[in-house]
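The letters A, B, C and D name the chains in turn, as written, and every chain counts its residues from 1.
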Amino acid sequence: MKKELLVAALSRSRASFSKGWYKFSRNPLSVLGLIILFSVILTAIFAPYISPYPEHAGAFTNFRESGLPPSLTHFFGTDSVGRDIFSRVIFGYRFSLVLAVVVLSLAMPSGIILGLIAGYYRRRWIEIVIMRITDIFLAVPPLVLALAITVMLSPNLFNQMMAISLMWWPWYCRLVYSLTTSLRHEYFVREAELTGASKAHILLREILPNCVAPVLTKMTLDAGFVITVGASLSFIGLGVQPPRPGLGTMVADGAKRLPAEWWMAVFPALAIVIVILSFNLVGDGLRDMFAVEEV
Amino acid sequence: MAKYIISRLLQSLFVLFGLSLLIFFIARVMPGDPARVALGSLATHEQVQNFREEMHLDKPFPVQYYFWLRSLLRGDLGKSLYTRRPVTTDLKAYIPATLELILISFIMSLVIGQVTGVLAGYFRNSWFDGLSRLISYIGVATPAFAVAIFFLLFFTYTLNLAPAVGRLSLAAVPPPRITGFFILDSVIAGKFGTALEGLKHIFLPAASLAVANIAQEGRITRTSIAENLQKDYVIAHTVYGIPRWSILFKYLLRPSLIPTVSVMGLAFAYQLSNAFLVELVFMWPGFSRYAVTVMLNKDLNAIVAVVLVIGVAFFLVNVIVDIVVSFLDPRIRLQRTGG
Amino acid sequence: MTPLLEIKNLQVRFKIYEGELKVLNGVDMVIGEGEKVGLVGETGCGKTTTVKSVLRVLPTPPARISGGEILYRGKDILKMKPAQIRSLRKGEMSAIFQDPLAALNPVFTVGHQLYDVIKYSSASRGRKRLSKKEIRARSIAVLKETGMPDSERILSNYPIQLSGGMRQRVCISEALSASARLLMADEPTTNLDVTIQAQILRQLSELVAKKKSSILLISHSLGVVRNLTERVYIMYAGNMVEVARTKDLFADPLHPYTKALLKSVPKLTGEGISRGIRGRIPNYLNPPAGCRFHPRCDHMMPICEKERPAFFTGGDSDNHKVACFLCRR
Amino acid sequence: MVKKRRYLGLILVVLIIGLCSLVGVAVENVAVINGMPVILPDPGVAMDWYDTQVAYNLYSPLIYPTPEGTLRPHIALDWQPVDGKLDYWRFTLRSGVKFHDGGELTAEDVVFSMDRLMAMGKGYSGTLGKVTASAVSKYVVDLTLEKPNAVFPETLTLFWPLNKDLVLEHIQPGDYGEFGDYGEAWLAEHDAGSGPYTMVSHSPGDRLEAVRFEDYFLGWESWGPDEVPVERLIFIMEYQTATLMLLLRSGQLDLEANGGFSRGTFKEIVKAEGIHLNKVWPEDWTVWINTTVPPTDDVHFRKAIQYAYDYQSVQAEYAPFGAREAGIIASSLPGYIAIPPQPRRQNLEKAREELALSKYDPEEVTVVYHYCAGLEAEEEVGLQLQADLAKLGIKLEIAGPPWPQYSAECGAPDTTPNLTIFLFPATYPSPDFYLYYMYHPDNVGGIYAAHWYADEEIGELIDRSRSTVDFEARVDIYRSLQEKIASQVLAFYPYEIPMLFTSQDYLIGPKETFPTVGPSVNMHNWRINLKLKQELRG
């Protein structure tokens, strides 16, 4: 009996997956985004094996080869101390993706839990406390506050991640809060309440699954946004510290060499655009996928 | 409406209070010695100690906050440790430049975003629509500093079309300050040459700032135009002989503007934070560059002030957005006044 | 009677993701000068599409007029240039739409919309431009004509501030302000309660009579057209299935669909609740071959599945035509 | 009618643009100068070389350095130690020196300015030491020192008298009793000087504008038929190097007086037409090694760093611009000696030996290297060292905080990173500048002595040099001091390089190179050739 249920559930989920994929794949741009995103992720994971000069991502100087224009030996040229920009961009993706993963895995669960609690306990003191604090964090653009906090913590990747995470949970909190307040009067929540289910059960098993679609969509779009904020902070000089390659830092350094040695700024900048673009395309695809589902 | 604004105001007062407490707390708790930073390396220990006392840095946190709040009520935001001037003086000096920049870029993004959005929505699935969608995808995905650098490389270094930095050419004499907006002030002073220069200088930074918003607004407008085009009233207007341009840019634009304007508050936030980077690239002597500078210099008073100013600006913009939306959309207006 | 509008074998298709919807499948229709014609059919049978085709406001794509002619005073509307169509809309053809709330722009005042309608429709005829004052006066007059109370105040109101009846009156005023020769009223009273329905319909017919315009009154209900029209077309799934003088049709319905429609009208005499018609409007993606009504028809014959019935003259009058093999003689 | 109205706007726009383009673009007699952020043009608080640059334009120092490294009369015509004692000096002032408001500079102004400097304790007060001033007559001032100082006249090239009356008119409430804030707030945006230029406006950290002071006491003369004094100075700040290059090429910037270009850019400048490099003063790259925090508190560890650094690598890149081996003092100063390692190149073997002697395991320690944000030359040294130390298994962490934070870190031993890099020009023309200010135990800490090494013996030796009247004997002491300092490895010195300012060909600088910072960008020493400017950029 149980096994049958499981099989049914599995096939159902497989069916809904293929249906979802069908909807997703109807937009060729989303598929393109997914392909780019996967290649970026794979490149980042296997950076030491893929990049032609992995040692150039670290403490390395070779002044004789500094400022070389793009060529077959150095696809993106070399920087002012002779490091291969292509290799550094590949490693730069690592830091960007790690940033996105860490920030979202810190901000999302905390935001979701707080949002669930605040949404469920409406008109209680706990809702007021959580949502007012959320308001405070949302009162200024995330970049501004993240900038202020990173500066005061002293600039490096870890602090950058902490600062951005601190800026990010309120967005999830507000999203899940509004979802929860509208869901909590639905019949299945009422039913669970009546059957005496625990609060944790109601929040996590009844309400949370219904928040998945919007949260997942937001997460994908946000990953791109987090990377933008991270790159912006590094551009100001508050990110990955040298010699490790931060994409924003590379753009900032390269900007000093414009226009003669344009490749130093242009390629890292394009690399940033590509990864954000792929996240956005995938996010839009997910939104289409879920939006059709809802109708 | 008044009742609504008052309630918003009270709410924002609370938020700003919390914001100041937050940023104040972070600033005071973090490691590093602001007094030392302010006085530089040549200062003696005695000088540093005196300075700490003067700035109440030796007092416990609540006392410090109390002193800060007390002087805030007198309109005093303290002295900048970086420029050694009252923060309010700095703000007065730098805010107009940023306001001018954001205003111009706002107008740019509104006009271009709306027009492309309307056209893309009207001719949806045409080549124009496809192209504008592609560009808008890229526009949204490109961080402001990258846009700025691409623009600089293309328009300044390659085509030599626009100047690279500043509000005016370096040797130019700024117009007498009336509004602080160089272009406007120049026109008032009758210096059209300066005004043109100002326009030339503001073009690239404003365009760099506008790109993301153009993309975003274009997309939203396209969707809502496409949605509204299906509505009966468009057919009705057409049938009753109202010309197509009037339908498109009046009867359709107004309802389609509502979603665009509704996200304008968020768009402004983007624009303001993007200004942080764009002003750096273009050496725009504005508030955002000042903000970055004081942040990098751990200039406590200035940081708190800068964050609060942004909070206030954000709040004001949201209220304006609400008012504009309710002006555009009688449904909301009537709901609000009708109670 | 000279025909004002003549639709010949009109075919309209909609392209959607899954394929093409064959929505209008050869529609024929004639409206004479000054004639009051009714068009009745279930929701979704293509009435609105027909009207929109005539007005040339079908969204193309997805819609596509794949065949047929629409002759207005002998000229094919489908071949007209946009400018000609625009001039047709000013003073020749007008329409009232089903949902008055949807047909009014929600974010402009009634006065504003009426103002533009009057301004542009009057500007067309090479007349002197009307002054603001004149337009305003006309707006009020037009509203008053439709029996709108307090019409001056109404001008500064938004559609959502008005009741359903008032909104419909505004729509009618807009439609009438152009003094069109042909007025197509697409279910103008569907969303109103019965007393207001009757009132509005009466006023509408009075106004049309006064202006000596032709009217095409569209409804899903036979009851509505009975008193107001001279001739009725019955439409089913993109085809005209029957046309007759109104009184002939009610007296002697020939097509099984018409009969079923008449049966489903609730009667005050109380013969129990009407049964409605078995089944649903067909799927336009793969409509039934032959007569589109055959899957729902109680009198289905083998030929119905294969061949599309042409119009046969039936009943007592030459004007009574039916597209049903039952009436083949 | 409607159509006409629609076109009206178009016509108006065209008209405005036309009008705008009609406004002539005549060549202006102005010099736009890029410097580092000048926050403090007040000579009583100015303390960095870019402040000094501006101060030299707005104010006049008491004594002026010569290109040869000697001194010449300026405001003071003559100075003598009274009774042959080096702690009591008498100065005779020039008469007729005019302040910008027309008032005459007298002994009273000198005394007031010295009192102000001492009371505020900012700016170069530390360089001058404790000084008591008293006016003997209208043009004679006595300055008494706490300790004998043979190079006191040299340090007075960093003392600029202010206009007492003007300052007193503008004091605001402050910490200095009857003197309020000593005019500090007002002087941030105005000047009270007698220099060749008068401040017009100042927006701290952004822009400072000044115009020529007609009544400057040294007068103004043209050098050639077309070489005339510069009428208007505009100091701009904080521009990115890419931008600066663009501004130079387009003729919008006349003098780049920050020297922060990368060597790639310098190469470009050498090739570019219409602009050229000026070697303005010698500078020493110095990487301080903090002797108070592990692992650099161990002298062997410090030596290991000294030997591990690949001197040739970066220096070779700058050789075309005059880079050379550096020592403790600038090589052009009397008494310069070469310091280890000799020959000056990487010696990993020696480095390993020293490392073995140290108490630290290279695998377990991290060395922190900080440089000033945005300075590529400083980052390069760090990256080079990072690669070099990696060969020894030592991890070097690099960070580039912005200047105020960076310099403030050096204010306390525990916040000073292991390694900090600075480029030191001499502020007064004497080896004493390097020795006293950087290694005297009284001056330990701060950016000038971020090694935190206080040695009484070195202090005594420096004191002795300061009280030695005979020049040759003093130079001998300087030599032994250098040896002593080198043995402790308080720093390593990547290379010495002249400061390179880029100017337009039509802006002509002094023919000679001054040994110190200020005079080089005293625009009284520059002339502009307007004809050439018209030809090149007009």
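The rule is simple: contacts are C-beta pairs under 8 Å (C-beta built on N, C-alpha and C of every residue); 3 or more make two chains touch, one makes a residue touch a chain.
Because the structure is a prediction, the values reported are computed rather than measured.
Chain B has the Cα centre that lies closest to the mean of all protein Cα atoms in view. In terms of C-beta pairs in contact, the better-connected of the chain pairs B-D and B-C is B-D.
Averaged Cα coordinates give chain B a centre that lies 38 Å from the centre of chain D. Separation between the centroids of chain C and chain D, computed from CA atoms only, is 88 Å. Chain C has its Cα centroid 54 Å from the Cα centroid of chain A. Residue positions 154, 237, 255, 258-259 of chain A each touch two or more of the other chains. Multi-chain contact residues of chain D, defined as those touching 2 or more other chains: 240, 246, 373, 402. Multi-chain contact residues of chain B (touching two or more other chains) are listed as 32, 157, 281, 296, 298. Of all the residues in chain D, the ones that touch chain B in their complex are 16-17, 19-21, 23, 28, 30, 32, 39-40, 47, 121-122, 126, 175, 184-185, 188, 203-207, 232, 234, 236, 238-240, 243, 246-247, 252-253, 373, 402, 404-405, 407-408, 410-412, 415, 445-448. Note for the complex: chain A touches chain B at residues 29, 132-133, 135-137, 139-145, 147-149, 151-154, 224, 228, 231-232, 235-237, 248, 251-252, 255, 258-259, 262, 265-266, 269, 272-273, 276-277, 280-281. Of all residues in chain D, only 240-242, 246, 262, 264-265, 268, 313-314, 316-317, 373-374, 376, 379-380, 382-384, 386-387, 390, 396-402 touch chain A in the complex they form.
For chain A in complex with chain D, the residues that touch the partner chain are 58-61, 63, 66-67, 80-81, 154-156, 237, 241-243, 253, 255-261. Those residues of chain B that touch chain A in the complex are listed here as 11-12, 14-16, 18-19, 22-23, 26-27, 30-32, 137-138, 140-146, 149-150, 152-153, 157-158, 269-270, 272-273, 276-277, 280-281, 291-292, 295-296, 298, 303, 306-307, 310-311, 314-315.
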